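Below you'll find a set of structures to go through.
What follows is a pair of complexes built around subunit A, which joins subunit B in one and subunit C in the other.
Entry: the complex of A and B
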């Protein structure tokens, strides 16, 4: 198996788990188990205290043994009430970290993917127009790109948030985050695409097609766009982890989706408190979820062309 | 040179003490230490000024409080007034004239004598309109300023335009200023410009236990012992015990705890109760003194915007507000937010305010079913998705704003949001920068509900006149009303004014109890919890007596000493 396949499979597994968060996670991510704040992660056991093996794994909750029930109530696993299963522990409100990491992944990974799509689309359209038509369009668009490159995006986001109504639900905040991250980032890929289009439109086969009376749209879609495909793919693998980290940073600073919706950055925010990392180390779990995702995307870029 | 000048100072101080048999010092019987050593305390930010007339920020007041003294002070533990620079006072039967008898032979930290002229000058300075002192409002009673008249060098007559209950409490936090230094800038209208951070140490004088020694911008401010301080201990040893008091500028509470654990500071002057486990670890390993001084005077609450212009009008309905109050799980707030080191609240006066809290206010039991019944009786219904809807079918959806810098209040908002979800309300929590939040609540009124905190100051009800009077600027649910918009607000106005001019404490207590009852019945604010005062000190700090009122650990700084010395 090539390295690229390994990377792709890991990424697919993580994204699938996040997509199926509702099924895999045992609890609603906002559900507060107020009698269990800061519960450490629970171990899944096969052997009881007497050393007897149990085919059905179990957890200890409040000193009692609770076997895991698989595929009940539309959930992958659960334990019977009044027991609880907190595989990755709980936060300050007794919310299950495992469920929150899976649901939070939807926000963080989703924002990365959708914002990248938005950036590439905007970059592709504006870069291509600038490169293909040239002239005043090129000048205006490229100067605009320079303005966007110079924008301090964090302050821009702070400014945008201040103008919006206070009562923004998590979905709208999520879309806003995507829009801001995606729109602000269009300039860099647009400049790249413009360069490729500039060089491609001077090729002889493009002149030939033009000579045969092909329309601009036809020339662009059939003779220039294919040249942009690999550049777009490389850009995507670069931008996705970057944007995931951007969302995590925004949520960490309290500018992402609000409570009670989870996001990896928001979940990491309590670690800013002194001593929290040493006393409640399991709150850092979202960082361990983030690590393989970002590493896999960067590994995909560094994979040699022959591997692809 | 500095050492030499220090020795000279000490010698001249000793000489002065020897030559001034008429000096009427206050004898502190609680202190039994030795004069030596340094004490280091962290400040959350750099002070903005050393001018007591214009200081508004907490760090400035923390420093200024150690450099100056008041005529009458409030004992932070008993919360009662006690003599300070004034050794005694009498009140006329109509409660309008206070005759203050000053201690004789006292001197400012620069050696200049203190007398009645300084008192009269100080009051003039605080009342000066050009200076815009934040304390000026306290000296205005019934629209008119109080007046001060010198009867002799050590007697001052203070006349109030109208009877004002507990007027002697005004003098706490009103530091006596040196006329010989500040009269010139006062006459020139430049009082607000004096005593900046870069003012040379010998240009500032006060009557507090310490005086300015050195200021290093961005790093520290060092105070040294005031050799003329007017208190001594039982063995005729002049206070304070410490040679120096250093304030380090440490940006956040987390950093303060870390630096205390690292041994860089000696006292933690109140931190969040959630820091207690960490401090307790230091207590076990290093023997630190960690103290939970009980509920503070601070009260945290959820307030709805009751401005008449706000639509929809759910918030205006008492039943709606009561249902919200009934649904909030205060015990969980205390447990999850304060780690159990807090007190749930149902009224507007914290249990930490022992003298004024109304213990007869019934403790409501949290009941979601009763809350639902209340909402149903007020015409609210639930759809199949369990969303609460008003009479017109509009879903009940609103936002709660909270200061992002206050972790505890953000956590309270998350708990309240979850509790109200159980009633079918859709609540969004918006964390805002503190100044932006205050601006929305007090000025622009662009908010639905907010979680805030008040009550860090004095225990006396007069200190919160601007909160409870309907015309008050801090009347957070509907500030600055020309006429009280509800009958119960009208009654609160009447009671607050009556208690302000009542002379008998029993009468005042009855009136203030009724105000608390009206507030509990009409729920303009949903009171949540009051945090305990959690403080810590190194094990060698002697005389440590933390209190529930500000300045928590530093109120008796002159009595603190190094136990090992």
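Entry: the complex of A and C
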């Protein structure tokens, strides 16, 4: 139980930090500091070179000491001009990696969550229709589901993405990415929900309700929908990390949200160039934001009480 | 197989094959429907070019058959696809099947070597983990931790390690992508082997066999392995889709000339025949894989023969 709490707290902290990206990050994610390309991460110091302790932590920028100013100009922290604070270094354009990871997290985590919502909604509606009404609706929907499941997932994802415009503005690409990821995965949850509805509608209390003249809508929402809740929750924990990775993969391959908007996948893409990481290791930082998120979701699955 | 067993197997296989063919129709129809939903085609950009007259574009579209209605195009494609002709690549102006065939072979080579590697190493490791108490728990924990590392990061890390150490032949050699892919799927194999063996080890028939004084070696190969094989073979069939998806990513990142890089290029260029071709080929791979798994299951588990 303590492990579940730890996992939940970590996830909450990461999501909160990403949600408050505008406040926590010292710079605009697209702001370029052309004089500081590939600046390595800066350490936050409490002791100066003379060994004196400073209550206000400081960073060294261009050889000079700059104390961190906390809570000024609506930012959590910043330093006075002409100094800079790059906690996780900068990329080739001198953009602050720390700010970009936080803002990029909005894209990756947001897409993961929203696409999961979309998939669950589609799966819930289509699976329930198939299971509840049966007949030709069931046949058509389940054959269609089989077609979607007959393809390796990434091939299907790329295939669907292929037939949509390549370059759009960031907001529309973001929505498009969510739609593609969400729609591609509808089949598996739909099959699961269909099975549950199928067994739930044979219960005696459902027959009793029908005997009392309850409408289909009433029966579905009062007697069948509650049965789907725990399955939907398990599916969500399973799908969210998968969909976050899907967004990261798409933007890594240049098919997601593009420059100058930051995304974790797009930030990792330069690593494909040989030697980029060995000389600029801090460019891998988005991976260290991605890993705990994915690991925590997987840990949540293996410890969740509904999963036995 | 015993008398009468052959005809049961043949009927079983025929049913599965028919199902697979119907699914392939579905998959190809789905990709065609997606093409039709998409705004624009390969020649949309040419239309914007002032130096290319609209008659030329119309002529080109007619030449490639893009001006026909969807059902006509699909049926024409289907007819030629049956003869092994997947249309003409718009970007290369070459038969798509000539482009796809060597790439598909490479993907098959990579995926099957990774599969073999993962199982040849994973099954003994899982076995070892099942028979020892503490090493088993540690290995099982390590496997679940490794399971959460995305293939994307694994492949990027591997390419960096390869460049840094020079242990692996650079670009286009099978060793590195096969190792990464195998490392990605091995944790699942280890965990499932361990679980399957643990389940069998305590079963009454094994206690009885041991009490009859049957040697340990014979116990393992004649009693434990066949009984544990059922869930493992099902797993191998099911994990094929994941393997092919992971393979696409690994191919792209580590520069293995399989279907993955070709599909990605085709997506960038909107080269429809190549996109549809690679999607259909990936579906064929998946189906052949599960067919092989079904046959293997049929061969080693007598319980299936009764059901079939």
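As a convention for this text, the second predicted complex is superposed on the first by the 286 of 308 C-alpha atoms of A that agree within 3 Å, B and C clash if a C-alpha of one lies under 4 Å from a C-alpha of the other, contacts with A are read in each partner's own complex, and residues count from 1 in each chain.
Operating definition for what follows: contacts are C-beta pairs under 8 Å (C-beta built on N, C-alpha and C of every residue); 3 or more make two chains touch, one makes a residue touch a chain.
No experiment lies behind these values; they were computed from the predicted model shown.
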Quiz prompt | Partner chain(s) touched by A:211 [first = subunit B, second = subunit C, both, neither] | solution = neither
Quiz item: On subunit A, which partner's contacts cover more residues, subunit B's or subunit C's?
Solution: C
Quiz item: In the superposed arrangement, which partner chain does A:34 touch: subunit B (first), subunit C (second), both, or neither?
Solution: first
Quiz item: Can A:146 be said to touch subunit B (first), subunit C (second), both, or neither?
Solution: second
Practice problem: Return first, second, both or neither, reflecting whether A:272 touches subunit B, subunit C, both chains, or no partner chain. | Solution: both
Practice problem: Pick one for A:135: touches subunit B only (first), subunit C only (second), both, or neither. | Solution: neither
Quiz item: So which positions on subunit A get touched by both subunit B and subunit C?
Solution: 162, 166, 254, 272, 274-275
Quiz prompt | subunit C residues touching subunit A - in the complex, by the definition given at the top | solution = 23-24, 26-27, 30-31, 34-35, 37-40, 144-145, 147-150, 152-153, 156, 159-160, 163-164, 240-242, 244-246, 248-249, 252-253, 263-264, 266-268, 270, 275, 278-279, 282-283, 285-287
Quiz item: Can you name the residues of subunit B that touch subunit A in the complex?
Solution: 253-255, 257-258, 274-275, 277-278, 329, 332, 335-336, 397-399, 401, 404, 407, 410-411, 413-415, 417-418, 421, 426, 428-432, 436, 446-448
Quiz item: Inside the complex, what are the residues of subunit A that reach subunit B?
Solution: 30, 32, 34, 37, 92-94, 162, 166-169, 254, 258-260, 272-275, 279
Practice problem: Quick one: which bits of subunit A touch subunit C in the complex? Just the residue numbers, please. | Solution: 143-144, 146-148, 150-156, 158-166, 245, 248-249, 252-255, 268, 271-272, 274-275, 277-278, 284, 287, 290-291, 294-295, 298, 302
